[in-house]
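Across the two complexes that follow, subunit A remains constant while its partner is subunit B and subsequently subunit C.
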Partner chain A sequence: MAALLLPAVLLVLAMMVAPMALLFRYSLNLYSPTELMIAAVTPGNYLAAVTDPYYWGVLRTTLTVAFEATLIALILGFPAAYVLARMQGRWKGPLTLLTVFPLMVGNVVRAAGWMTLLGNSGVLNAALKAMGFGGIEMMYTQGAVIVGIVTVVLPYMILTLASVIESIPVNAEEAAQNLGARPFTVFRRIVLPLSLPGVVAGSALVFILCMNAYATPVLLGGARFKMMAPAVYDQFVRTTNWPFGAALAFILLFVTLGLTMAGSALLQRRYRR
Partner chain B sequence: MTLKLGRRTLLGTAAAVTLAPKARAAGQVIVGTWGGDYAALLADNIDKPLLGPAGMEVLQDVGNQDARRAKITAERSSRRGGMDVACLSDIDLYTMSQLGVWEPITEENVPNLKHVPKAYRTAYSIPHIISGKVMVYNPAKMAAPKGFIDMWDSKNAGKLGLIDIQYLYVIMLANLAHGGPMDDFTRGKKALMELKKAANPRIYPSNEAFATGMKTDEVLYGPMWLARGVFWKKGGINMATAVPSEGPIAYVSGASVTKNAPNKANGLAYLNAMLEPRAQNAFAEKMSYAPTTDNANVPATLMKEIGFTDAETAAMKYPDFAYLAKETAALLDWWNKEFKA
Partner chain C sequence: MRAVMWRGGVGAVFAAVLLPMVAVMWLSFFDQEVISFPPEGYTWRWYVNAWEKKQFARGFVNSLQLALVAAGLGVFVGTAAAYALVRAEFPGKAFLGTLLLSPLAVPGVVLGTALYVFFVEVENAIDIDIRATLPGLIAAHVLLTVPWTVRLVAASLQGIGPAAEEAAANLGARPWTVFRRITLPMMRSGVVAGALFSFIQSFENLELSLLLVGPGRSTLPVEMLNYLEFRIDPTLAAVATIQIVLIGALMLVTDRYVNLSRVVS
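And now, the complex of A and B:
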């Protein structure tokens, strides 16, 4: 049986672990504008990043956007997932497909659509002006980025939650109702606790996607808005400072991993009670 | 009819099949280029008419120049790179030359280089097209700016648009407007901090976003390439250009062949074709960039629009590539952390 895992393990080792190890090695090097980098073993890049208030600000923005987008996706996704999970008959297949449909459009294309909607001369502002209201500055704001990211991650949340809610027996809800529980009580005491594994998995998945968002913050956030993934890109590509870019990438990885594991552990502990 | 397949026929067929892809590969050239009009003009005026008849197959590797630079940097120690020709800005070509990634360029391996004025030549690239940083403005809403220094005029506050990806040139022109040299941008940075406080300029992420801002009157003026200004004006945006009193800042877009190019000879042939009059004329007519060769024969009326007068050319300022190669990372840091914060 173990042999069956070998191809996948080899693929992961070659395609993920090896580049990551190389990247980590780069993060300990010194930057040179004319020689790209100088071999060294120094924590200097990590220290420079964690002692720089600018990168604290970038990390704070990234965390705020990721938390808010995850929460909104959970609030919007839960009812949709519940309906989808409990649905019977011929509409279930097409609706599931419709949920996946946004994933068939690339992030850049989707963001371009939002740009035409949210721009100062975009559809929403034109409609507001036609109704006699003044225009609102929507593009290049944190709100625009959150809206854009939520539309990217919502299908992941819905599908993850729906697969778990499907496994909760309907009898449990019916029994609670028979015993006099109101719909909100059924949700709070039966559906939500039993669907917590889905909430944990969906939130972790969505949070990771949000933390690493690139195209949406760049296109909808504008020049003054900075999240970690675009900051990493800046270091690698715009200034060719690979050692510092690699250090920032690992900081992003550690923060994402740490918070995801802590959040999951917290919810799981609550679930076990 | 019977088909006889003898041993020799089979072996011959097998050999032909084995060798065929290699024969095609010998006729290939991989060109790293910007997309959009630039890539289309390369295809229509170089790839198909000039190199197609010679049996050369051109493969375009389309992307932005930052990504292209990163790709070449990543591949520089490989024996065989993934790109033959790289189209980049003059600053990037110089910076990359410091990493030793380019094949030397001479009149021997690129014969059309003899048509390029000495001022534009380098030992590692060809200059493909040229323009200069000027001011673009909405003539219906404001008077023509006289120079870059007008950005600091209080009557223009709230009307200015800047472009994030052009941060180096913005710092450079601010420095120039305040009497700074091309190899120390201290004055420019100080002036930009004052500008930020006094005029609150809008910063657009891309050239296209700036054009949209001009079109919708979000902003009324800003620094931009003369070529782009003329191009957008032709595209229907109410825009005029003004050559700054400090002198326009030269921008040359060029191309080089990588040292580890898989098809080096074809890469050099491609550079030569980029300097052919047909290619130079097409970029002048369609993208409003001035030619870099003396035999391009661009119509005088068009040259008047896209070129500079002798006095303007004499006043033209050229970036100090060595300074920029050393300081780009620090300047981007300053731009992000201080100016945009």
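And now, the complex of A and C:
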């Protein structure tokens, strides 16, 4: 019966493992403007990427946006997740559906929505002008990108947190309340520590999504705003330096995974004490 | 008072997620080409206009073909794999299970780039075009549809023990009869959910397609991205609205088959 696995495993090996191995091999090659690529084994592309001030800037922008968006999503998502988790009766199903639904709609469509709202002649600026204020440039700023990314990742955060909060018995909160704890104390001493696995899992998932965002920074950040994922594609589409582009892709992958694992370990250790 | 503010705040969070979709749906009915608020009037004509724009009509048909074939393949291959993962015992099972779900964990951008260089190498080796063809896009999108099917079918199979299958076998049913009469009906909700989710994931995917499309062979999300880099107008909003409505309908169908809150975690 294990043979039933064979087609799926072969597909993943051929279409994911082999291409990823090839891309990694490319990242160790040398680039030449005339021959494009020369086989070699050199860390040169990685060193060039981390010593180039432009790509440092791109990486720093990416990290700033990802950290801020993750933190905002956590702060906004926690109360929403709590309400969803503790909700009972006939509204729970529709609210869950309403949370999952945006996840299925592509990021391009949702970025188009924010362009409608934030554009120079968009809804918000029209409203400001109607109230007698001058317009504000909102599009093509880091703020617009963060707003766009936060609303893209919020449903992931809410659903991950809600599934953990659901497993915390309501009795624990009621007991604390009966013993005289105020709502904020109940949150700080009971709900937050018990939902920590959800906080860690949700933040890790959301951070990874933010680091790799493509459509939102391209459309809401504009041509001069660069994050890592669009920078990787530019190397393949606009220039011919594939070894360098491959190195950028793996730097993005390693930085994301490294920070996610370090962050999860740190959060968990802090609360075990 | 406090309770009201608390509820209002939580309501605002859910509203903020839905707001951009509502805005783009509203824009699609504006009676003027250049956006200004409030609108001068409302019209349906951008929907006709969207269909007359070649890149959107062709992109829609391409994405539909791609998602249908990729989801069809994914459901076959993924259901077989999920059945083996849940019912069979063999060494390395946990590792293979992780391997089959791993394409969802690799960033789309990195995977898309890897597929691009891989296809270039294969093209050089066998002298057949793969980039900018439907088979090339299908090969890439199967990496979305197989893991989603495995995840959803395995979850639905875990809920039902092998007792009914064993009983049928003991009563003399042949393996094929057991599969057709017992296993398949039991798996139905998982398979339907897997098919619908796979379809949506493939239809809406941007990152894997971005480097693999070509002139005349582009997907709807890529065409929309290219258009949006220059402008947002009611025509594009109409294209976006059609997708929102299509996905909403598919989600309502899926909701009848699986517990949606279990889909993400």
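As a convention for this text, the second predicted complex is superposed on the first by the 253 of 273 C-alpha atoms of A that agree within 3 Å, B and C clash if a C-alpha of one lies under 4 Å from a C-alpha of the other, contacts with A are read in each partner's own complex, and residues count from 1 in each chain.
Heads up, the rule we're going with is that contacts are C-beta pairs under 8 Å (C-beta built on N, C-alpha and C of every residue); 3 or more make two chains touch, one makes a residue touch a chain.
Here the structure is a predicted model, which is why all the values come from computation and not from measurement.
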Side-by-side fit of subunit B and subunit C on subunit A, or clash: clash
Which of subunit B and subunit C A:185 touches, first, second, both or neither: neither
Touched partner set for A:42, first subunit B, second subunit C, both or neither: neither
Partner chain in contact with A:64 - subunit B first, subunit C second, else both or neither: neither
First, second, both or neither for A:167, with subunit B first and subunit C second: neither
Which of subunit B and subunit C A:268 touches, first, second, both or neither: neither
Touched partner set for A:97, first subunit B, second subunit C, both or neither: second
Most subunit A residues touched (candidates subunit B, subunit C): C
Touched partner set for A:34, first subunit B, second subunit C, both or neither: first
Partner chain(s) touched by A:224 [first = subunit B, second = subunit C, both, neither]: first
First (subunit B), second (subunit C), both or neither touched by A:237: both
Residues on subunit A lying within both footprints (that of subunit B and that of subunit C): 119, 121, 218-219, 236-237
Subunit A residues touching subunit B - in the complex, by the definition given at the top: 31, 33-36, 52, 54, 57, 119-121, 140, 218-219, 222-224, 226, 234, 236-241
Subunit A-touching residues of subunit B, taken from the complex the two chains share: 66-67, 69-70, 73, 95, 98-99, 164, 203-205, 212, 216, 218, 325-329, 332-333, 336-337, 340-341
Subunit A partner contacts - residues on subunit C that touch it in the complex: 6-7, 9-10, 13-14, 16-24, 26-27, 34-38, 77-78, 80-81, 83-85, 87-88, 90, 96, 99-100, 102-103, 106-118, 121, 139-140, 142-143, 146, 150, 197, 200-201, 204-207, 210-211, 221, 224-225, 228-229, 232, 236-237, 240, 243-244, 247-248, 250-252, 255, 260-265
In the complex, subunit A residues that touch subunit C: 1-5, 7-9, 11-12, 15-16, 18-20, 22-23, 26, 76-77, 79-80, 83, 93, 95-117, 119, 121-123, 126-127, 130, 148, 151, 154-156, 158-160, 162-163, 201, 208, 211-212, 214-215, 218-219, 229, 232-233, 236-237, 242, 245-246, 249-250, 252-253, 256
